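Below are two complexes that have subunit A in common, paired first with subunit B and then with subunit C.
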Partner chain A sequence: MERKRKWRNQCRADRIFDIVNGILMVFIFAVCFYPLYYIVVVSFSKQVVGSYLVPNGFTLAGYESIFQNKDVWSGYANTIFYTVAGVLASLVVTLPCAYALSRKDCVGRNLVMGFIMVTMYIGGGLVPSYINISNLGLINSRWAIILSSLTTAYNLILARSFFYTTIPDDLFEAARVDGCGNGRFFVQIVMPLSKPITAVMALYFGVARWNSYFTEMIYLRDLEKYPLSLILRRLLWSIEALEQMIEDGLIENVSHAMKEVELAGIMQYCLIVVSTIPMMIIYPFMQKYFAKGVMIGAVKG
Partner chain B sequence: MKNKTLKKMMAFTLATFMAFSAVGCGNEDVTNTPATDATSESVAETVEETPLYNVGTLPIVNEPVTIKILTQDVTGRPFTKAADAGIWAWLEEQTGITIEVESYPAEELKTKLPLIMASPDEMPDIFLRCDFKETDVMNYGQNGQLLELDSYIEEFGTNIQVCFDNLDYAYGASVSADGHIYALPSFNGSKTLVSYSMNKEWLDAIGKETPTTLEELYEVFKVIQTSDANGNGDATDEICLSGDPKTFKRMMLSTVGINCYWPWEGCLFDAKDDKVFFVETTDEYKYMLQWLNKCYEEGMLDNEIFTQESAQLKAKKEANQVFMFNGYMDPENTPVTGGMFPVPLTSEVSDTPLIAASAPYQVATGAIAANTEYPEVCVLLLDYLFSEEASKAAYWGLEGVDYKVTDEANFVIEGLGEKDGFIGSRNYKTAMIMPYWNRDEWIQPATTEMGRALNEIQGAYSQVAFQNYLHFTNEEVDQVNVIAADLGLYLDDHYVGFITGTYDIEKDWDEYVKKCQQMGADELTKIYQTAYNRYYGIE
Partner chain C sequence: MKNNKSKIWKKIRVNWMLYLFMLPAIVYYIVFHYVPIYGVQIAFQDYKIGQAFGESAWVGFKHFQRFFNSAWFGTVLKNTLTLSLLNLFLGFPLPIILALLLNEVKNMRVRKVVQTMTYAPHFISMVILCGTVTMFLSPSTGIIGMAINGIRQAMGLNSINVLSVGPAFKWIYVLSGIWQQTGWGSVIYLAALSGVDPQLLEAAEMDGANKVQRMIHINFPVLIPTIVIQLILKCGQMLNVGYEKVYLLQNSTILQSSEVISTYVYRSGIQGAQYSYSTAVSLFNSVVNATILIIVNQITRKLSKENSLW
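After this line comes the complex of A and B, so read on.
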């Protein structure tokens, strides 16, 4: 009832605006939603070609073959490990650092900030980083993945801005009068006040870790240590390689190879579905923090 | 050489010296004193009398030596690692060397290789199938990252030398533009070629003979256009001519007598009577464009020829809608019957039937790191791969595991194990992860009718395009890249434009030729000529 009255009370222009707005929203939703839907549809179909709204021949063969593959499972476990451990490590490094740099009485903070800012514009370069990791003896070690991207300048600055604006100096003064030191102040007062930034940081780092494949590709050797994203890459590359081999005439039984390409194509979609599901589940809960995180960046850079 | 004897003598004196000064320490301590590699080895030779390695006999090493190998997973399967192949165990058994294999799929390797090359700690001893480009090999060699093999091959490369003596192109394929050998090729024994097939049943249906020239082909196309040649009741679905966009151009060029196989991108060159010429401004090329333009205008040429992907083409071919295309459909694996290989077409401007072919080898498939502890052992191992038994194992797999011999005299084999028909009779697990010299007499007879016909045509008419043989120096590559980047785009645009009618061949041709020269076609030709002369030893 309420709604209906509201609708009647609106003037024509408003109504037209609402209608156009609605249509546009539906359109944008469709544009965003269809690719995801398409991936799900193809993952259940027998052939990639011809599956648009419903699967072209329903089958679970793709899922069967990926779940039978031990590398997919170990990849899944690795991705979860890299994400969880990586996020924890990143938070432990980023938050205290950002807090310290936000304090006006921190000596030399502008110099340190300057060094950090430089990395936003000039990276260390791939080869020096690799040699560094190699000299540390971390090639083919899970530590290389956790340690090589502990924090990013962008996230650090974001967190610093948050502390800067939400933790007033007076608060620390008051705490100090009561006999509270720096460490205790950070743990007992700053951290509980900083839940939003903690969540935002965790989400930013988490998504980056979940999707990351390049660092892993560079530093890891054993398939058992590969994350899921890299397994997916491998699948993609192998399809290309196989197609190239067919084209080059290296394969005698072409129809068999084509079948293999077809199945690998389906598997690829199944793997995308499987690997995005956890993120899909987490996103709705984290969404409000996500928006907040963007706002923090907007107020002060 | 002189330097080496000097070194050995010094080492010997040093060893004697040390033996004197370390009285009471015993021989063992002498050999363990920290000295340079060269000295300690010589010490071992002189004092213990058992050399580390044997030249020309197996096993290669007398005591276990660990060699790290980096190679590629060339299986087209995501989770099959080259490291798991059975051949490594066999090699270890034969040579006595302990082999550690690290392998990645091509794309991963491409990213990792420059990093590995830059960090000595991560370098393997031997690189197999690492897809080095020729210029990379030369750069790495000159920078001292890859071992210069010239003198080692002279001293230890017994099998490689046999190969150089037997295959006239083998040495040329191994040597870089600076005259040194930093990496060794694989010798496939067979060439890849740009062949095309027609459909005999269509010809029979329209009552025409197999065409032998472009002009006759055009007449055949005309009839196909107006008839239902594939007999499906629809007289309009026939496509006279189609193909894979990349290969199609090479295939058509061969009908006007121009032999190009490589490169796929950029500018094309061919040579006649030791003179290199720029293909895309020749009259033959113009004639080909005119002919194709005529076909295009009249709807004989597939109008998706420049854009289609392999799946699209495959669908057309399987529906029996294409009369002539590059490659072929084998009736034993596909629903299309009637495929046949015509004698390569000639034309008004060319009277020699020709099939363009690649060189029967791949360059730079085996190289050795310069900082390896055991250069001699590495060379001996690499050399062993070119021996008869190792090459056979590398290319065909292991007898009794991967294949069984059905005809002893002619080496006709049948695949065992996973019978998925991958890579012919070869076992995908061993195939293509190391260099080899596949002897001509091991090449298996074709199993299908079409395969046999192809071999026949190939034997009679294929010629290796000369570009395959050339080696360029770094400066030359830089120059070529700069010119070819722009010129290549211009050429591609006009190739498509002339055929589809965007540009008028009669009106725009002179302008086009002039523009090509302005953009550096002549300079490019000169660079190719220099490389050509260098390869063939022309002054």
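After this line comes the complex of A and C, so read on.
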């Protein structure tokens, strides 16, 4: 009897927990989801204010003015270029090196690994790096963007542990007996077996490239070389400046200026949607690869 | 001995291709990482633009002294520590709690959906995050900015622009960071939780432990090693508040309460062209970070050896 009551109590405690947990999950979901949803809604609205669940007056004016802006187009093209070229270059540098580092018969691999890992803890910092790029004559060059972040120690270690665990030593021995050298072995046998890590690497490098702005901001000078992120930042700051000028009473035709701010306000929401869409489309499909990368990385060494 | 050496050479010759594989990465690290590390010496020199590293005259600790005596020293140190500690205290426990709670969701589809949604903000770029924050907080059109002013008006207070209120900056910085990183931060803990022995949980259930008890006494202890390592690493980053986000969120009206070491380095170094001075500031930053990391690791090693980094 006593025992039975205890059991029933237990169940109730668990049931309460499940309900509370369920409510929390809904809340967490909403907190992450609503801001993103709200941005999309506003981007289709006539007015920012009042568009909470559905657009306050549906219009495509924001998108129209965005697509008429040639800076947006060039920014988009530049971002795509930096991402695609950057990812390809990063893969070419990272994967062969990581594979070589995973080979137990490669003399000196620990030395090279140490040489690379040092940079995880010690760095030149912003200013010496800037001077370095400047002395190389790469200021305002697209090369500065591609070359200055070719690979990272973290990604090299990640790829190395993948090769370590998936490519058995015997495989190369067998291939060597058949007269296959390291180069052919890597291209014809290792690469086809390494699709998952190639996907993870491409995504990691790709997301970093797509989202980057600071490197571009300090190394690039010409507007036509700017990626989308910098174009967006310019728009945001110009609106802030305009709002400040209205507030400070520096503008005579206030109603006209207000209209401009209103449209520019919608435009920034549109620009955010446009620049995030590629990421949000590929993201749900790639999510498991991302998480997988974190798991491989969690294994020490 | 000689025989041994020739054996090594033979091994290297046989696998020469592997060294070719490593070459691009090694060249990259020398040119873009080791050369700047060598260039840190300008912190002790008077560097002039156009000079190569190593060509400038030595001046000792002049730049460090100037930084310690400047009015900005206290300000940037205080702001950096404030952001960092606030981020640690509020941001660090949340991913752990989220992982524990997600782990209790038994419906796999619900769990997947919530997980996917909470990871999503991590992939939004800094410019977009900060742009969104700025837009949401705008007093005239922003959804949060208007709500704040609505509440203030109801309380009989005047309207404000949150973005130009100094003390609000740290909260904007930390809360937006929590929104962006909590979900992604939970990945590593969820991975650790998948290693919990299901038999142990079953036995506890048989013995009458409810879900909360099982979570606290079985699941949580499994996470402790991961938590400790993450915590040590976070402590080593104590003064590393990156410029990317602060720079986008700050504005000239709240510079006093938002300038951190890294943005100060950017402003004085790249924008102000005081190359040697700003390098000294950032070297000071790195030295403090390394010191904290070593101290924290030593303490951890004293407490429990297997949980320390080295």
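By our rule, the second predicted complex is superposed on the first by the 261 of 301 C-alpha atoms of A that agree within 3 Å, B and C clash if a C-alpha of one lies under 4 Å from a C-alpha of the other, contacts with A are read in each partner's own complex, and residues count from 1 in each chain.
In the analysis below, contacts are C-beta pairs under 8 Å (C-beta built on N, C-alpha and C of every residue); 3 or more make two chains touch, one makes a residue touch a chain.
None of the values given here were measured: they were computed from a predicted structure.
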Overlay on subunit A: subunit C relative to subunit B, clash or fit: clash
Touching partner for A:N135 - first (subunit B), second (subunit C), both, neither: both
First (subunit B), second (subunit C), both or neither touched by A:L101: second
Subunit B versus subunit C as contact partner of A:A257, first or second or both or neither: first
First (subunit B), second (subunit C), both or neither touched by A:W143: neither
Which of subunit B and subunit C A:R234 touches, first, second, both or neither: first
First, second, both or neither for A:F285, with subunit B first and subunit C second: neither
Partner chain in contact with A:E243 - subunit B first, subunit C second, else both or neither: both
Partner, of subunit C and subunit B, that touches more residues belonging to subunit A: C
Which superposed partner A:L223 touches (first subunit B, second subunit C, both, neither): first
Touched partner set for A:N69, first subunit B, second subunit C, both or neither: first
Segment of subunit B intruding into subunit C (one of 55-63, 271-279 or 307-315): 307-315
Subunit B and subunit C footprints on subunit A, overlapping residues: 49, 126-127, 130-131, 134-135, 214, 218, 233, 240, 243
List of subunit B residues in touch with subunit A within their complex: 74-79, 81, 102, 105-108, 111-112, 114-115, 118-119, 121-122, 192, 244, 310-311, 327, 330, 333-334, 420-425, 447
Subunit A contact footprint on subunit C (complex, rising order): 8, 11-12, 15, 17-19, 21-22, 24-26, 28-29, 31-40, 42, 47, 49, 52-53, 98, 101-102, 104-105, 110, 113-121, 123-128, 131-132, 134-136, 138, 140-143, 146, 179, 183, 187-188, 191, 208, 210-212, 226, 243-244, 247-248, 251, 262, 265-266, 269-270, 275, 278-279, 282-283, 286, 290
Subunit A residues touching subunit C - in the complex, by the definition given at the top: 6-7, 10, 13-14, 17-18, 21-22, 24-25, 28-29, 31-33, 35-36, 38-39, 48-49, 52, 92-94, 96-97, 99-101, 103, 105-108, 112, 115-116, 119, 121-132, 134-136, 147-148, 150-151, 156, 181-183, 186, 207, 210-214, 218, 229-230, 232-233, 236, 240, 243, 262, 265, 268-269, 272, 275-276, 279-280, 283-284, 287, 290-291, 294-295, 298
For the subunit A and subunit B complex, residues of the former touching the latter: 49, 69, 71, 126-127, 130-131, 134-135, 139, 214, 217-218, 221, 223, 231, 233-235, 237-238, 240-245, 247-257, 260, 264
